[in-house]
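Input: structures, listed below.
Two complexes are shown next, each including subunit A; its partner changes from subunit B in the first to subunit C in the second.
Up next, the complex of A and B:
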């Protein structure tokens, strides 16, 4: 089975790219390839002009610059570690630094994602889905990454929490400078958050361009169908 | 956490009380005359009557039980007529030998079982995984006493590397090296059979954990495979296996009965077999109660350890 076929994308620094498509369209596979979790059977991924395979060899350097946020916010956190420990260890491994520096950076980022300090003492099972996703965002932001890949980060959250997390994401994208790859099945989310969009179907890119162009003048019937589906379900979008 | 420990400790009492009632009733209701079994067919009626009176066999069942359990609670397990010494002394001596054998067997079980399970899961569907699966299936289906006899045949008779039984060779000075050589085969026999089941549980659990999102996250965050396996996956995967490890500790204690008989190891298992044959009621009751107490305490420790390692189980 071919999950991806002839995907050709350029991700421009500082921009937010939304990758949209229904389940099975290959968007999550593409995300996993972008962060080096899977290797493509053919073709190349370049990161800052160099093949990704080479970038992955300098493991810490690559993972400092490229971060990943999963859909399952609670499942992405080690259930046996306190939130503070998860964040400290992550930063310590990738960047090092003294305990005071690490603590200060964790506190700074926790504040940026609206995580109360007492929450750092809790275990993941004591968090709500929205709080857990904010922890994941904090973890992703700790190392000043240049790229963050998010695979349906709000899909598992309820509507009101979705809106809050999306508002937070937009604020973070303005405060911290990073390039965002946002995987979703919801075009309304892309419209709210992304500068560019890439529509995928059965492993192929069927339409791409600036979000404004694609959403106002969609060329493909599939894109129009996604837009209709999105209009029917996007009642939880922040204004 | 303290609440959990107290709750489990609270239930330990009734469990042990139940065990004491069961073992007492089983021994009391077996047909036959314990006095006759101890003194032999040529004993006179007067001697038999005297021993029956000493063992309080003519008293009602419930009086005998409460007298026995009352004495046990004060540390007096009674007198073992078959070995002509107090039960407590015999239990202390035999218990130490069994503790040594069971600890060594359990160590083998932990090292091989957990190691093989983790290794197989980390290399799922490779020839290593398949070979370990076959070996563990064979291990699960092999009776410990048969494996023991096989080891004796190969390592003691054919290769003559290790002694075939006992805790010490007659006429040889006791030393740590000699003890280890005597311990090797019975400990391996006990440990290997117990390890087979542990390996299968650990493999299944590890495969489940290795697919969890937090492991995938660790990989996406750049953690090395060794760190992912040992710091994240094993720590998470071992917790649900702890009750199985507790049960296997019980298996190792219980398995000592066969293994001690095969290897003539002077432990509780062999002592119990001899005591049952000779109908030495107090020795059997004391021995079973000691093994049951150890079993309950090991499982209590496994439960507490599970709660310590998994914050979701802490109230």
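Up next, the complex of A and C:
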């Protein structure tokens, strides 16, 4: 079975790209290929002009530059480790440095994502969904990566918690300057967060371009169907 | 640890084991006779005789002393064998489960080879090759127990290796062996400890077994099994010689197993909630003397089909803590649709389940209020009246369409069963009706869908089956709990359209529960916003959406981004207490 079928995509540094699709569209597979968790059966991914396969030979160097945020925020945290230790190890392995340096950096990034300091002492099960996802954001940000890929990072959260994480993301994108690849099923979130959008269906790219262009003048019927579905279930009055 | 000690069987086991193990460990220091000092003039003295508390055996050796020394030996052999088997088996299981592929095949197939021989025969064969003796017996029972550890640990390792935090560790730059040791192993340790503790008692028995057959401890040293064998020869005349070691083995193994079981209860995450009492058939109603004002005086109100007043439900045993549902009141006309909106913990689903007393008790208790559906006073209804209500007059559609269908039964059969459960209907008639229902919910190719298993249908199709099943007995009230949350957006829209259409055609009352105001407004006339068990706002959908009065409703609306508003929207500021509520 082919999860992805001839996907071509270019992403410029510093931009936020939303990849939108429904289940089975291959959006998650694409995300996992981008961060080196899976290999494509054919085709190449170039990162900074170099094939990803080559970049992955130096895994640590690559993951300093490219990070990933999982949808299952709690599942991505080892239940037997304290939050502080999870963040500490991540930075220690990828960048090294003295314990004091690492500690200072962990504290700095934890603050940037609004994590109270006492939370670093807790185990993952003592966290709410929103807190767990902010820990994942903090981990991804620790090494100042150039690219962060996020797979449905807010889909499992309550509406007001989701709003908080989205606001945080926009703020972080300004202070940390990273290229964002945001995988979602929700066009409205892309509209809020992303400069560019890529609509996928059954492993293929249906339409892509700047968010403003695609959402005001969609060329493809499928994009329009997605937009209609989103509007039909929106409480927003025309503004 | 404290949870372990609070467990009564753990405590009993611990006391038994300590009572036996402590004297055994101290045996060389105790003022007792040399276990191997024979005295042929004082053979087979009965218990209680002078200087020999438990008597002497056929060579005149002190039984108490031999018991304590024998127990020492048995424990040493059993513990060593457990550790050896546990270490080797866990290592094999960890490697096989983590590296998979050829490592898994090679290791687990060799375990299968060990398992191909009957347990005791294999142990006997090993001793036969190596020669009798305690050390060889130890090796034999360790080897035959390795597969048990390997299989248990492999299963746990497989499970944890697939979890997201292992992939996260890859992204943290960890090497494979480090992931196994630092990320996976700590999570597998409880499984290993459980296996160790449940094996120990077994090992005692096996050591005793081999020694009993003369393959373990060699005379004059004796472990419990060898003593049993010696006692057997004088069993009829002097039963105490054989009985005493037998009783010690029995008590020790029972004690060890009690401890092992308790340890498993504490460490096994699946049992960590405790095995709670099975919930009863209906939510318990415990309305105290003080009734809520106005709850009692009025009968059913004209025109309202569902009438809920001051419904209060709590999950905690004591009065402390806020109830999960607090003073919720609403009414619903015969063909009306009400949306209940709230975030997790708002009590929206509990309210819906409480309408037909489906909230599991224990722990739930309804503390206050009235619930009427049609002419039924739900909180006073008899079990048979409740059965009539559920599934027939009130039916539910749940969030995950796959979970509410039986995976091994064709969906057509399932719909037919729910039809025949509530009335005498022939198979053929039920089948016709099921087909009719499938056509009503617009399942493409209804005939094929009848014969399909749930896994052969897509999420949207499964939810349509769920809706067909809910409609089967022509309910008067349909309660849909997040029916579209698990579905794709385009499918969600189709299912919402279907619900709206069904409502119009059947004229039934609908309660639609969702975390999403946008989804709810597509279907309902009135909307009720809940938060932390309480209703914060209720009114006609259009009015609430265009002019939300309560601050929480406003926040909820500001929180979800709207297509077409782009970067202009600020998604609102979370209210101070909502932030607090986000804490665990």
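To be clear about the criterion, the second predicted complex is superposed on the first by the 231 of 239 C-alpha atoms of A that agree within 3 Å, B and C clash if a C-alpha of one lies under 4 Å from a C-alpha of the other, contacts with A are read in each partner's own complex, and residues count from 1 in each chain.
Simple rule for what comes next: a contact is a pair of C-beta atoms (placed from the backbone, for glycine too) under 8 Å apart; a residue touches a chain by one contact, two chains touch by 3 or more.
Only a predicted model underlies this, so the values are computations on that prediction, with no experimental measurement involved.
After superposition onto subunit A, the partners subunit B and subunit C occupy overlapping space and clash. Contacts of A:123 after superposition on the shared chain: subunit B is touched, whereas subunit C is not.
Residue contacts after overlaying the shared chain place A:162 against subunit C, while subunit B stays out of touching range. In the superposed model, A:16 lies in contact with neither subunit B nor subunit C.
Look at A:7: by the touch rule set out above, it reaches neither subunit B nor subunit C.
Contact with both subunit B and subunit C is seen for A:60 once the two complexes are overlaid on the shared chain. Taking subunit B and subunit C in turn and counting the residues of subunit A each one touches, the greater count comes from C. Touch criterion not met for A:183: it reaches neither subunit B nor subunit C. With both structures placed on the common chain, the touch criterion links A:192 to subunit C but leaves subunit B unconnected. By the touch criterion defined above, A:35 lies against subunit B and subunit C together after alignment on the C-alpha atoms of chain A. By the touch criterion defined above, A:70 lies against subunit B and subunit C together after alignment on the C-alpha atoms of chain A.
Once the complexes are superposed on chain A, the part of subunit B occupying the same space as subunit C corresponds, among 62-70, 170-178 or 188-196, to 188-196. Looking at subunit A, you'll find residues 35, 37, 59-60, 63-64, 67-68, 70, 72, 75-80, 90, 93-94, 136, 139 touch subunit B in one structure and subunit C in the other.
Interface of subunit C with subunit A (complex): residues 163-165, 167-174, 182-183, 186-187, 343-344, 459, 488-493, 496, 515-519, 521-522, 545-546, 555-567, 569-572, 574, 578-579, 582-584.
Remark: subunit B residues 212-214, 216-224, 232, 235-236, 239, 309-312 touch subunit A in the complex. Listing the residues of subunit A that touch subunit C in their complex gives 22-23, 35, 37, 59-60, 63-64, 67-68, 70, 72, 75-81, 89-90, 93-94, 126-128, 130-131, 136, 139, 158-164, 166-167, 185-189, 191-192, 211-212, 215, 225-237, 239. Across the complex, subunit A meets subunit B through its residues 35-37, 59-60, 62-64, 67-68, 70, 72, 75-80, 90, 93-94, 123, 125, 136, 139.
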